[in-house]
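Each chain gets a letter, A, B and C, in the order it is written, and its residues are counted from 1.
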Amino acid sequence: MITIEQLITRIEQRQPIINKADIDAEQLHQEFDSVGSLTTATHKQLSFLADPNYISSLASSQAGAVLITAEYFDQVPQTAVALVVANPYLAYAGASQLFARESLFNGIHPSAVISESAVIGEQVNIGAFCVIGDNVHIGAHSSIDAHVVVEANTAIGHNCVIKSHVVIGHDSVIGNHVRIHANASIGSEGFGFAPTRDPSTMGWERIAQLGRVVIGDHVRIGSQTCIDRGAIDDTIVGSYVVIDNLVQVGHNVRIGDGTAIAAKTGIAGSVIIGKRCIIGGDVGITGHIEIVDDVILSGMTMVTKSIKKSGSYSSGTVAMPTAEWRRAAVRFRKLGRD
Amino acid sequence: MITIEQLITRIEQRQPIINKADIDAEQLHQEFDSVGSLTTATHKQLSFLADPNYISSLASSQAGAVLITAEYFDQVPQTAVALVVANPYLAYAGASQLFARESLFNGIHPSAVISESAVIGEQVNIGAFCVIGDNVHIGAHSSIDAHVVVEANTAIGHNCVIKSHVVIGHDSVIGNHVRIHANASIGSEGFGFAPTRDPSTMGWERIAQLGRVVIGDHVRIGSQTCIDRGAIDDTIVGSYVVIDNLVQVGHNVRIGDGTAIAAKTGIAGSVIIGKRCIIGGDVGITGHIEIVDDVILSGMTMVTKSIKKSGSYSSGTVAMPTAEWRRAAVRFRKLGRD
Amino acid sequence: MITIEQLITRIEQRQPIINKADIDAEQLHQEFDSVGSLTTATHKQLSFLADPNYISSLASSQAGAVLITAEYFDQVPQTAVALVVANPYLAYAGASQLFARESLFNGIHPSAVISESAVIGEQVNIGAFCVIGDNVHIGAHSSIDAHVVVEANTAIGHNCVIKSHVVIGHDSVIGNHVRIHANASIGSEGFGFAPTRDPSTMGWERIAQLGRVVIGDHVRIGSQTCIDRGAIDDTIVGSYVVIDNLVQVGHNVRIGDGTAIAAKTGIAGSVIIGKRCIIGGDVGITGHIEIVDDVILSGMTMVTKSIKKSGSYSSGTVAMPTAEWRRAAVRFRKLGRD
C-alpha cells in the first residue's frame, strides 16, 4: 500500500505539489493499492485528469485521490484528495512506478549458475536458472529475473531491471537504470558477410562481429528487440533512449540521447540517429545513412537517404477499399513506365 | 498409430461421415501414422481432396485413406478407404490433430521451480526449468514445455499448450484451450512514457503499466509475438482469436472474438479491433483507432484512421522493376509539392 | 593471440597471399588480439583497405598489419605488416573469425537435461539448462549455448553453433556448420487453420503441422527469427542461406542455396524462393508464389505476385516532409476513384 505522503515524495522529484500545505495529516496517511481512470477508480485508487476532454468524468469519480491542475481543482469531489500540479500526466507517470511489481525474486536463487569471477553488487536479485559468465559485473540494486544469460565480460550498471529470458552477449556495457524486457537479444552477432564468387560458399563469407554493444543510462528496451554487436567498432545506444518491442538495431548503429523508437522499427547497419528523435512503429531505415537531431518519422516510413534537417517525415499510402486500391496501385506502376 | 475409428470420432465432432455405414470392421481398425498429400502419401497415411484442381492426383494416390466429397467418391482408388464428408479440408484439420506431438514431457519435471502457493490442476505437464510464481493457477490437462516463466498471480486455464521459453507476466489471465508458441512474451510492460522537458530525463518519464493481459478461450499465439499488459485497464484478446508469429499487440488493445492476425502485424496502443476480422501479414495499425467487425486488411496495409464499415481494405504499392520504381517514387513525391 | 602465420593459413583457404615470400620469420610470429579500422587500429590489431575511399587513412594508420591489394602496397606504413591479396574484404572476413569468441562453455554442463537416447558427438559443448530430447543427434564439434531446447528426434550436424535460448522443434534436420542466434524459434507450429462456419469455433479449426524444418549446411539464422514447420511437407532452407534477425519464414516455404535475407522480412506460407537471391529488410512476400533465382528485392518491397525473371525489384514510396506526404497520399487515393 502506498500513502499520499509517499506519492508526494515521488511526484516532487519532478514538480511541486502546489496545494501541499492544505493536505492534512490524516490525508497524508491515506493508503492506495493501485491506479485507475476517473470512471473506474475506487477509493483505494489514485486517478488523474490530464486531458480536459475527460472533465465530465471528474464530478462522479470514486477515486481516492486525483492529480489535477489548479484550473479544475474546485471540481474534485469531496471524497477525493486533490493533488494539484502543473503537469498531472507527468505526476501520474512518477506515481505509477510506486505501484509496479518490480522483480520476480528477492536475493540470488540457488539454481543460478554464476561464475566465480563475476562481481555482484549489493542487494542484487538474480532469479532461477540465470547464467552469469566470467568477469561479469552487476551493479547494486539491479534485478535480474529468471533465465537471463549474461555472457562473459559484460558490465551491467546499478538499479537495472532485466526481465526473464533476456540474452546479453559478451563484452557488452549496460548503463545504470536500464530496463530490458523479456526475450530481448542484446549483443548477438551482427549480419555481416563478404561476398565471394567461390562456389563453395555460394557467395557469403561470414565476418565475425568483434565490436560491442554499449548502452547508456536510463535506457528502456522492449521484448523481442535485437541490438546487434558491432562489426569492428561498437553499436551505441545513448542515454534516455526508449525502444519498444520487436525492434531491430543493426551492427554499428548509433542512437542519440533521448530518442524514442516504437515497435517493429528496423534500423540497418551503421545508421547514425540524432538526439530526441521520435520514430514511429515499423519504420525502415536503410544502412549507412544519418538522421539529424529532432526528427519525427511517422509509422511505416521508409527512409532511404540521410535526413539532414529536423522536422517531421512520412511515406507510404494509407488504407482504402481494396477495389479502389487495385486501380491506384496499377496507376502508380504506370507512373514508372511513362 | 491412429485408427479409422479414431479418425471418424474426431471428424464427427464437426460434421458427419456420410458413408460411415459402408465402412467395415476391418477398415475401422486400419492404422495410420501420419498424413500426406495425394501425390506423396503412403498406405499408412491419410490424405484428402479439398481443391478440385488436384483431382488428377487421386487415381494414382497410394494413400491408405482419403477424405473426399461425395462428388469424387467413385474416383477413390481401391487401395484407399474413402471417408465422405461435406468439407474435406475441415475434416483433415480435425484429423491432423490426432497425429500431432503435443507435449515435451509427461508429468512435472523435478527441475521446475514451482511456488508452494501455486495451484496445479490434474494431469498437468510442466517441463524442465520452468518457473511458476506465487499464486499461479494452472488448469487441468494443460502442458507447459521447458523454460516457461509464469509470474505471480497469473491464471492459465485447462487444456492449454504453452511451448518452451514463453514468458507470461504477473496477473495475466489465460483462458482454456489456449496455445502459445515458443519464445512469445505475454504481459510485458507496455510502452508508455509521459513527455517532460526536464533535461535530467531527456523527455521521457516511464509510466508503470499496471493493467493486465486477459486472453479468452481457444486462442492461438505465435512464436516471438508480444502482447503487452495494459497501462491502467487491461489488454484484451477475445476467444477464438488466432495470431501468427512476430506480432506486436500494444497496451490496452482489445481484439474481438474470432479475429485472425498474420505474422509481423503491429497494433499500436489502445486500438479496438472487431470480431471476425482477417488481418494480413505486416499490417500496421496506428494507436487509438477502432476497426469494426468483419474487416479484411491485406498484407502490409497501413491503417491510420478508424475503419467504420466492414469490407476489404489495402494500401501500399507493389513490386516493380527497380528502375521503373525509381521514376514512380519520384513522381509520387512531386504529387505532394504541386 | 593470433599470429600472422595463423592469419595467412586462414586467408589462404580462399585466396593466396601474393607477397607471402616477402614475410620474414619474425613477422610470421607477430601476435594480434583483435581487428580495427585503419584510423583506430593499434599495433596489436589487424586492419584492411577494401574501399579506395579510405586510402587517406592508410599512411597514418597504427595497425600492426594491413590486408591490401597490390595497387596500394607501397603506401602501407613501415610499422605494419602488409598482406597483399586480390580481395582484402574477403580476407578480412576469414581473418575476423579467428578472433571471435565462439562458445559459452566447454564440455557438457551438469545442469543440462539430456535424454539417454540422445546421441552426442565428440567434443560437443552443451551449456547450462539445455534440454535435449529423445533421439536427438548432435554432430561433433557443435556448440550449444545455455537454455537451448532441442525437441525429440531432431538432428543437428557437426560444427554448428547454437546460441542461448534457441528452441528447435521435434523432427527438425539441421545441417553442418549452421549458426543459429539467440532466441530464434525453429520448427514452431505453422499458422494453418481450416475455415468453418461452426459458431462454436468462430471460424477456425487448427490444422496440426506435421511436416518438418530441414536446413542445409553453412546456414546462418538470426536472433528472434521464426522458421515454422511444414503443414504436411517440409519447410526447406537450402545451404549457404544467410538470414538476419526477426525474419518470419512460414510453413512449407522453400529457400534456394545462397540466398540472403535481411532483418524483419516476412515470407508467407508455401513461397518458393530461388538461389542467390538478395532480399532487403522488411520485405513482405505473399503466400503461394514463386521467386526465381538471382532476384534482388530492395528493403520494404511488397511482393504480391510471382517473379519469373531475375533482376532487381522495389516498391513503396520514400520519406518526404509530412505536410507534402499528406497531399501526395490523398492524391494516390484519388487515383483509385477516378
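Everything that follows uses one rule, which is that a residue touches a chain if its C-beta (ideal position, glycine included) is under 8 Å from a C-beta of that chain, and two chains touch if they have at least 3 such contacts.
All of these numbers come straight from a predicted model, not from anything done at the bench.
Colleague: For the two copies chain A and chain B, what rotation in degrees overlays their C-alpha atoms? Round to the nearest 5.
Modeller: 120
Colleague: Please tell me whether the contact surfaces of chain A and chain C are same or different in residue numbering, using the over-half criterion.
Modeller: Different-residue interface.
Colleague: State, to the nearest whole Å, the distance from the C-alpha centre of chain A to the C-alpha centre of chain C.
Modeller: For chain A versus chain C, the centre distance works out to 27 Å.
Colleague: Spell out, as numbers or ranges, the residues of chain A touching 2 or more other chains.
Modeller: Residue numbers touching two or more other chains: 111, 129, 147, 165, 183, 224, 246, 264, 282, 316-318, 320-321, 323, 325-326, 332.
Colleague: Going by the contact rule at the top, pick out the chain A residues touching chain B in the complex.
Modeller: 14, 34-37, 40, 87, 89-90, 92-94, 96-101, 104, 109, 111, 127-129, 145-147, 163-165, 179, 181-183, 218, 220, 222-224, 239-240, 242, 244-246, 257-258, 260, 262-264, 275-276, 281-282, 299-300, 316-323, 325-326, 329, 332-333, 335-338
Colleague: Going by the contact rule set out above, which residues of chain C touch chain B in the complex?
Modeller: 111, 113, 129, 131, 133, 147, 149, 151-152, 165, 167, 169-170, 183, 185, 188-189, 191-196, 198, 201-210, 224, 226, 228, 232-233, 246, 248, 250, 264, 266, 268, 282, 284, 286, 296-298, 301-305, 307, 311-318, 320-321, 323-329, 331-332
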